[in-house]
Amino acid sequence: MKKLINSPGSVVDDALVGLAAAHPALAVDFERRVVSRAVCPAGPKVALVSGGGSGHEPLHIGFVGPGMLDAACPGELFTSPPPDRILAAAQAADSGAGVLFVVKNYTGDVLNFRLAAELAAEQGHRVATVLVDDDVAVRDSAAGRRGTGATVVVHKTCGALAERGAALEEVRELGERVVAASRSFAVALAAGTNPETGRPGFDLAEDEIEVGVGIHGEPGRRRERLRPANELAATVVDAVLEGNRPGPGDRPIVLVNGLGATPLIELYVVCAAVTARLAEHGVTPARTLVGSYVTSLDAAGFSLTLTAADRLMLELWDAPADTPALVRA
Amino acid sequence: MKKLINSPGSVVDDALVGLAAAHPALAVDFERRVVSRAVCPAGPKVALVSGGGSGHEPLHIGFVGPGMLDAACPGELFTSPPPDRILAAAQAADSGAGVLFVVKNYTGDVLNFRLAAELAAEQGHRVATVLVDDDVAVRDSAAGRRGTGATVVVHKTCGALAERGAALEEVRELGERVVAASRSFAVALAAGTNPETGRPGFDLAEDEIEVGVGIHGEPGRRRERLRPANELAATVVDAVLEGNRPGPGDRPIVLVNGLGATPLIELYVVCAAVTARLAEHGVTPARTLVGSYVTSLDAAGFSLTLTAADRLMLELWDAPADTPALVRA
Amino acid sequence: MTHRTLDTALAEAWIRTAAAAVEDAERHLTALDTAIGDGDHGSNLRRGFTAVLAALDAPPEGGFESPGALLRTVGSTLTAKVGGASGPLYGQAFRAAGAELPPDADPAACADALAAGLAAVRALGGAEPGDKTLVDALAPAVDALRAAAETGATLARATAAAADAAERGARDTTPLQARRGRASYLGPRSTGHQDPGATSAALLLRALADAAAR
Amino acid sequence: MTHRTLDTALAEAWIRTAAAAVEDAERHLTALDTAIGDGDHGSNLRRGFTAVLAALDAPPEGGFESPGALLRTVGSTLTAKVGGASGPLYGQAFRAAGAELPPDADPAACADALAAGLAAVRALGGAEPGDKTLVDALAPAVDALRAAAETGATLARATAAAADAAERGARDTTPLQARRGRASYLGPRSTGHQDPGATSAALLLRALADAAAR
């Protein structure tokens, strides 16, 4: 294991120190591991709070700022934060118009955010939750589909709507519509290595890939031979469109996302391949975002997220944002 | 070699197709490999043109847009583009106020841009050049120091000054001052693999790092044992400050840059370590940028760039920009 | 001396034994979780029990007022410190069990408390027996404890029976296909591996039996 | 038939022989460049000579008017297609040599043309002999060609002497520490490796000698 770290146990805390150093617009509570905006919104607005295990950066800490999240609560690597940390984030974020929890659908996140919501309600916060479950690689699990790339679309669109002064229920409802319109699927060339264990989540041969992989080193649906980007893109596009073809009025938002160790030039190659395959399906993206936004430590590979956006979603996707990882002028 | 590509020979062209698909604000001439702004500046302004070998993305193609470059000319992987491609970029960019070439100091880049400048002058373009040579790992070479991270600072500040309507000579002069104020140094945990050869630029043992490495797989000054991020940061900070301590009036801009396969969480760990070591030297960064901006295919590791900026440079660093890789509101 | 009832001293002995067992088993639990999860179950529980030991070392003025109070502290500490799936599940289980536990619980009362813990897990996580979760260790343990209590077994024997049943339950998760938690994403590929959570649940019950036997 | 002068036919034969030699040596040149550069010298030259062959296959109406015109086309094609350091260096060298070359060059005129090519390389790249660059193959080749011409050698013998000298020059770059080009970044670590550019320069001169001997 080769990593730029000091010790496995200090990665999250050290990274938060670096985040705070680079981004004076963020307030970082190191004790409770809460990242929030240094300058609070002028008046009350619905506060967006998200979090989950660390190791997926820039998700979520890199999306705190005007136009997106009000606070993020990063947990240990790949481990959702406990309820009191989530509660602390809600407290830091609530400006009087209620708090929306954006939760990726993993058992740990679901349970901890649920307990946190109860605690927050006891303290008088109004809390609503959007559960993100876009990863179609998962089938037949009573736990449901995992939450991955669509989280970014929810953060961006719900964040913009909240900034416009919409009410909690309205923002939650938008989030649910975005989730319903979103599908993701991922392929890994190499698993990430959790520094705590020092071992990759799974081992792949030099010519093997993991198809339908999760962002915590969860192995995927199946193992295959590495193929050219065009073929991989076809597999992934087809999986994402299966049973969820965007309708005629939809303006698809496409996210071509790197898993952490994927160079940008490869993501652009994938983007070309994805765009071509979508065209074969008659789907023309309205917007395409390329970069590493929802990562899995140093895993190599990519995920594709497609949101069959309506006009409002697209407008909110284009709205201003000013966060470490996503800025819109 | 595991890569998301179609074939070694098609990587650059495929990536340009992906870039064009994702960024409608860019015009991409696939034939001549020129990336320029789809919407030309309103009136004549000094045009910034940069380029060099591919494999360093987002440099340079990701920095085309308002506030930064007017055109970029990517060459083959790690190979500077020939003069006529550079000329084509100058032609696409020149809006009547002259063209500034921003050239990284490598023999190939220097020679091809020099020939291109002659061709452009023959065609009536006014051309000036800024040579970026910030990499202090290089000593005693008649070819001089390499150009790396400072290129981003030159693109950003000169781009902003050009946007303000400054004259060619003024923009060039700023570029030279930025270069003079900038120093970089890099450490690799793993070399990048050029798909044409299928082999990493150099091989490192599981506990080895390359200190003072270049961005084309050039081996560095020496090979060392992997050490904790705090210690590596100390080595790198000390190298960058050697003989170039920022003065009392300086407002240092710091770039903590990933080499292509470095996860963001590790860059934030490094950022914390760099900030702490700078503080030990009495240096307080005015701005810190963390991310993968000047990469070396899928190399793992980081580089540090420090620009001892004056007030004007800082103001220009903060000015608006709207490019694929760097947006300032 | 064998304990006849689950008093505060035994509760503390149990938890300290459990903490030591978790420490010993950390790598094993993480290895199980690497196979079908995300490789952190061992470190999650270690982090939790380290905090639990700290809480036991700084008891309220005058000590814990009852074994139930002690277990409730264990539960809220686990909930507050572990995160992940197992944090709230174990946390709420200990809180619910602690709330149910009378001051000097005989085996039957212990069975009721464990049943309350199980109910909390099922209420929170929604898992059915056979879903390849910690329910598959806890549910047979409740049954075994209750059955032993009905035959008038000592606490030591009854908890040993519960631990045996939990271990069997954990072992029997191996052929199962997971339907809850992270392992469920693997679908059929989740079979052939023992569930980490069921394994740690059995370990906690074995720690109780060991403490009760001392 | 051995050629007495460097006419257009021999110029074309030279370049086609060189293109084939570059193709054969691609991996070797790239391997040399991997050791002390960025591992692309072979593919750079292959790309260049592929374009050069295309240019030869589509000559101007009525054919190239002179060997000098042909070499100028080779030069501008290399400059336009190769990029990197070697593209402009070889490109400008062929252009300068072509500009100097009379229609039917004897060995002495060839030496002058090669000297013009060398001068172009040095003017553009600033390398001195001993800097571990293609100058270290070209400079001794110019001297050998001129010396052979002065003794009245045939073109075949004179160019063979030039190729021998270039190969020696290339081999002698091995112990040198590079002071120009990418290898110079390695400082003392650049010693012990033969320079890729000097190697390809020798290869180009060997192609000339081979063509002249046919």
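The first chain written gets the first letter, and so on, giving A, B, C and D; residue counts start at 1 in each chain.
Everything below uses one rule, namely that a residue touches a chain if its C-beta (ideal position, glycine included) is under 8 Å from a C-beta of that chain, and two chains touch if they have at least 3 such contacts.
Everything quoted here is computed from the prediction, not taken from an experiment.
Enquirer: Among the remaining chains, which ones contact both chain A and chain C?
Expert: Correct list: empty, since no chain touches both.
Enquirer: What is the distance in Å between the mean C-alpha positions of chain C and chain D?
Expert: The separation of the two C-alpha centroids amounts to 78 Å.
Enquirer: Please compute the C-alpha centroid of chain B, do the same for chain D, then give the distance between them in whole Å.
Expert: About 33 Å separates the centre of chain B from that of chain D.
Enquirer: Between chain A and chain D, what is the separation of their C-alpha centroids in Å?
Expert: So the centroids are 55 Å from each other.
Enquirer: So how far apart, in whole Å, are chain A and chain B when each is placed at the average of its C-alpha atoms?
Expert: A distance of 28 Å separates the two centres.
Enquirer: Among the residues of chain A, which ones contact at least 2 other chains?
Expert: none
Enquirer: When you check every pair of chains, which ones turn out to touch?
Expert: Every pair of chains meeting the touch criterion: A-B, A-C, B-D.
Enquirer: Quick check on the complex: what are the chain B residues that touch chain D?
Expert: Counting only chain B, the residues touching chain D are 53, 75-85, 106-108, 111-112, 114-115, 137-143, 146, 194, 196-197, 199, 201, 214, 216-219, 221.
Enquirer: Quick check: in the complex, which residue numbers of chain B touch chain A?
Expert: Contacts found on chain B: 2-7, 11, 14-19, 21-22, 54-55, 57-58, 62, 189-190, 192, 206-207, 209, 226, 228-230, 232, 256, 260-273, 275, 285, 288-290, 292, 295, 297-298, 300-302, 320, 322, 324, 327-329.
Enquirer: Where on chain D does chain B make contact in their complex?
Expert: 30, 34, 37-40, 43-44, 47, 79-89, 92, 124-127, 131, 178-182, 184-187, 189
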